[in-house]
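Below, chain A partners chain B and then partners chain C, in two separate complexes.
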Partner chain A sequence: MRLPPWRVILAGYVLAGIVVAAAGADWLAPYPFDELHVADRLHSPSLAYLAGTDEYGRDVLSRTLYGGRLSLFLGVAATGIGLAAGVPLGLLAGYRRGLLDEVLMRALDVVMSFPALLLVLLIIAVTPPGLGKTAVAVGILFVAPIARVTRSVTLDLVTREFIVAARARGERLSYILRRELLPNAWPAIVVEGSLRVAFAILLGAVLSFLGFGVQPPAADWGLMINNSRDFVETAPWLALAPGAAMSLTVIAVSLLGDGLREYLDPRLAYRQ
Partner chain B sequence: MTLYFVQRLAAVAGVITLMSVLVFLATHALPATIAEVMLGQYATPETVAALETKLGLTRPLLTQYWEWASGVLHGDLGRSLVMEVPIVPVLWTALGRSAVLGATAMTVVSVLGIALGVVAAVRHGRVIDHLASGFTIVGLSVPEFFWGLLLILLFGSYLRLLPTSGYGTLDKGAGSYVAHLVLPVATLAIGLLAHVARLTRSSMLEALDTAYVKAARARGLPEWAVVTRHALRNALLPTITVLAQDIGFLIGGIVAVETIFAYPGIGRLLVYALERHDLPLMQAAILVLTAVQCLANLAADLLYALFNPQIRYGRAVA
Partner chain C sequence: MTPLLALRDLTVTYATEAGRLTAARAVSFDLAAGEALGLVGESGSGKSTIAGAILDLLGDGATVEGDILFESVDLSELDAKRRRKLLGHRIGAVFQDPFTALDPAMTIGRQIAEPLVEHLRLRPKSAMERACELLADMGIDQPRRIAAAYPHQLSGGMRQRALIAAAVACEPPLLVLDEPTTALDVTVEAQILSLLAELRQRCCSSVTISRSCANSATASRCSTPARS
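This part shows the complex of A and B:
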């Protein structure tokens, strides 16, 4: 068993640190995320406020930690929805082929030819904004690419002996999909899933930045960066903590995804 | 080739039609009606009914869609509810400004991205390759709006070199016009640059490893000729597809970038429409942006076919 490259291990640790920091915000954050310190408005970073305070005197570090929960939740929830629908669809299409496969793939072609952000904006536009709904909208968007990846792995697998054997034993469809195909398609799905998490965090941040995501007084990283725009000259630190947290998270997730891909796919490893 | 072209054109028409149905339905099939959304907290059954009658929302859905769609086909996108003017001229002006932004960014991305990818591949494993890889990872991971903010901070607040918001009209001089474009274009280009550079690098690495490149080297051709004429020409094929895909990202990016830099293009117009629940304007903007992306995909497919002999001679019609 070879070890993953150090980059991947490092990315894993960074990501674990971010998740722990966001999950433990109740204990780690020096202040509640919405506590006002009116005397210390727009305070630059100091010992009392490590990342400074915003225009209401709220601690930027605490808000970044709590905001991390929302951003990470969005990434995981949206990817979860995409996986829950996309993986079964992809397995079924790849295994059964025929009309179902044809219809499904054409439908996915259509979905994927729309600009992603527009489709989500369209869903969000006409109903009141909210984190849960954003997660669902992004999740629906993810069904197509996840189904496509799953299908292409499945197409490779269906001709293998163990699938032929299972079919010869007269196993039921659900058994073949869940017990034979899924465990073998898993590595590719994990890689795709991790890249989707990064993409969802970015997309969620853009939506919040545009004002169609999380609503105040709660704030995820995108909304915090949006709020900082008015103070870019006087208080540039407002954007730094959430921006750094978001960039670090996405870099870690993408490095992890890319590393896992190389690690799990021996063909790529040889090409390096 | 002709058959292929016709097939692709039909597919594009199909996608645009479908999006028009989606855009139309999204505003009708959702739990809150348009009138309720527009009226917000002032929505009472009476005001909602009155507004619905005024907007013609009480008629059958199919009639409404037909009226809207045939209007679109005749170049009439309706009137904006908030601005109370016909949408087409407004949208057209905004689209033009965005096109300048997008086309400049795409040019920068194509030239610099391909160059960076080629250099990284040729210097595979050296310092410049690692630097380029680092840049690609960071460039792809940091969203446009954060780049935009950093650039504003650096060039606007500290160096005071460039304007950080607005649009320089040509009558105020070409200098102002160009200056207002620099930061938005740079912001848009960074992420895409990373994407294109990464792909060009990997397809160049593959091309440099092929028999025809070894043969060219063995014939004693100078290295630059091997790289540009033999390897690059073949490595560019996937890059063309990626450049077209990137137009999709660009459309997403334009919405964020125009918002940060207060650039009055179609992205900002869309956000404006969404914020004010101006549904006709929103429908029009989304439809036009979708059409732009579909046409970009079409152009990419055709270019790909043009450069790929297998498709050009009709062996693989997909």
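This part shows the complex of A and C:
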């Protein structure tokens, strides 16, 4: 077995580190995320508060660690839901064409013609707020673009002779979709998926800002960054920790996705 | 004796923007068991359309009229599932371009083993063993190494051998060869042709489609669809 490229290993470690830090927030965080230190409000980063404190004197580092749980969960769960439904739909529509394709794609057109935020709000508004609900709503929203991307790759693949050859071998539909189309469409799906993780975290931030996602005093990264707007000039460190965490996560996920694509693609040359 | 494959007034038309286009008109032939038929014709004469009709690969744009009788069963009357079960199991097919007819994301061995798993219900492991034997039969040295390779690691001739191995894996009585050597250079072509001739001796009947008579030299009978 060949080793994955170093970028993948590095990205994997970074991502694992972020996940462990978020999961172990109970032990790692120096303070509870909602503990107020009124005397030290808007304290700049120091030994006692490594990333500074916010306007209520809450430790930014602790809040970032705890917020990671919410943000990571949202990113992974929403993307997972989107992939689980979008990929099969896209493969089927692209392979079968005809009426199914037409109906499905027009339905997705309708979904995509609504602003993303409006649609998520619509889904959330029907039910009480909660992180799981938000993840499902964002996930449903992701089905459309993921199915689109999968379908367009599939459309190109079905004209290739190896798919025709698979049909001439009498392969069943599920085999052609899973074993012939999916592995060849995988590179595009991985790239789309890693972008979606980042997008979900950002969308979660907007929802929290509007009061639909995470409920205060808890905060995910997006909400922390949004809240820091008012203090950009006086306390710029407020955005620093959550911003860095978010950027690192997004970069690591994209690197991992991109590297995995190369690693999984047998045509690219660093095997043997 | 009833023929293995019989075409009766096979007419295939495609729906195009310029109206209906007749690709094959009233084609009839019989193929007895053990016989090799060559269909020779220029580009656009409907050779591949005939192969596509036999293999049910023409898709929604094409209308197939007339009868295709395989082992005295009219294929057009079979439902999709039963027809699919014939393909790869009782009818093997080899296409013209070995560079595109193999799945780039799957090892050679698995592609040959797959019809064995699907049609003969072999366990994946024994199917893989059989795939290696088949590769060896096709005159490939180190079949295990080749079975573990991906298509891009092989030459055109090797790939075509692998495709032939996949086509004959279930020992089908009928092989449909659609220009099996068009994409290959002459020396490799000669090797593949002799391999096909050898297979024909051993087991099956074949319909070979080709643009040149030389390629069909191994056929026991030739037929030329005229361009209409």
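Structure notes:
The rule we apply is simple: the second predicted complex is superposed on the first by the 183 of 272 C-alpha atoms of A that agree within 3 Å, B and C clash if a C-alpha of one lies under 4 Å from a C-alpha of the other, contacts with A are read in each partner's own complex, and residues count from 1 in each chain.
The working rule: contacts are C-beta pairs under 8 Å (C-beta built on N, C-alpha and C of every residue); 3 or more make two chains touch, one makes a residue touch a chain.
Note that the coordinates shown come from a computational prediction; the quantities given were computed from them, not determined experimentally.
Residue contacts after overlaying the shared chain place A:Gly170 against chain C, while chain B stays out of touching range. In the superposed model, A:Ala198 makes contact with chain B only, not with chain C.
With both structures placed on the common chain, the touch criterion links A:Pro183 to chain C but leaves chain B unconnected.
Which of chain B and chain C touches more residues of chain A: that partner is B.
When the two structures are aligned on the shared chain, A:Ser228 is found in touch with chain B, with no touch to chain C. Note: no residue of chain A belongs to the chain B contact set and to the chain C contact set alike, using the contact criterion stated above. By the touch criterion stated above, chain A contacts chain C in their complex at residues 97-98, 160-162, 164-172, 175, 179-180, 183-184, 186, 265-267.
The touching residues of chain B, when paired with chain A in their complex, are 11, 14-15, 18-19, 22-23, 26-27, 30-32, 34, 37, 137-138, 140-146, 149-150, 152-153, 156-157, 206, 248, 251-252, 255-256, 259-260, 270-271, 274-275, 277, 279, 282, 286, 289-290, 293-294, 297. Chain contact summary for the complex, chain A toward chain B: residues 109-110, 113-118, 121-123, 125-128, 198, 202, 205-206, 209-212, 222, 225-226, 228-229, 232-233, 236, 239, 243, 246-247, 250-251, 254-255, 271. The part of chain C that touches chain A in the complex is made up of residues 55, 57, 60, 84-89, 93, 95, 97, 100-106, 114-115, 118-119, 150, 152, 163, 166-167.
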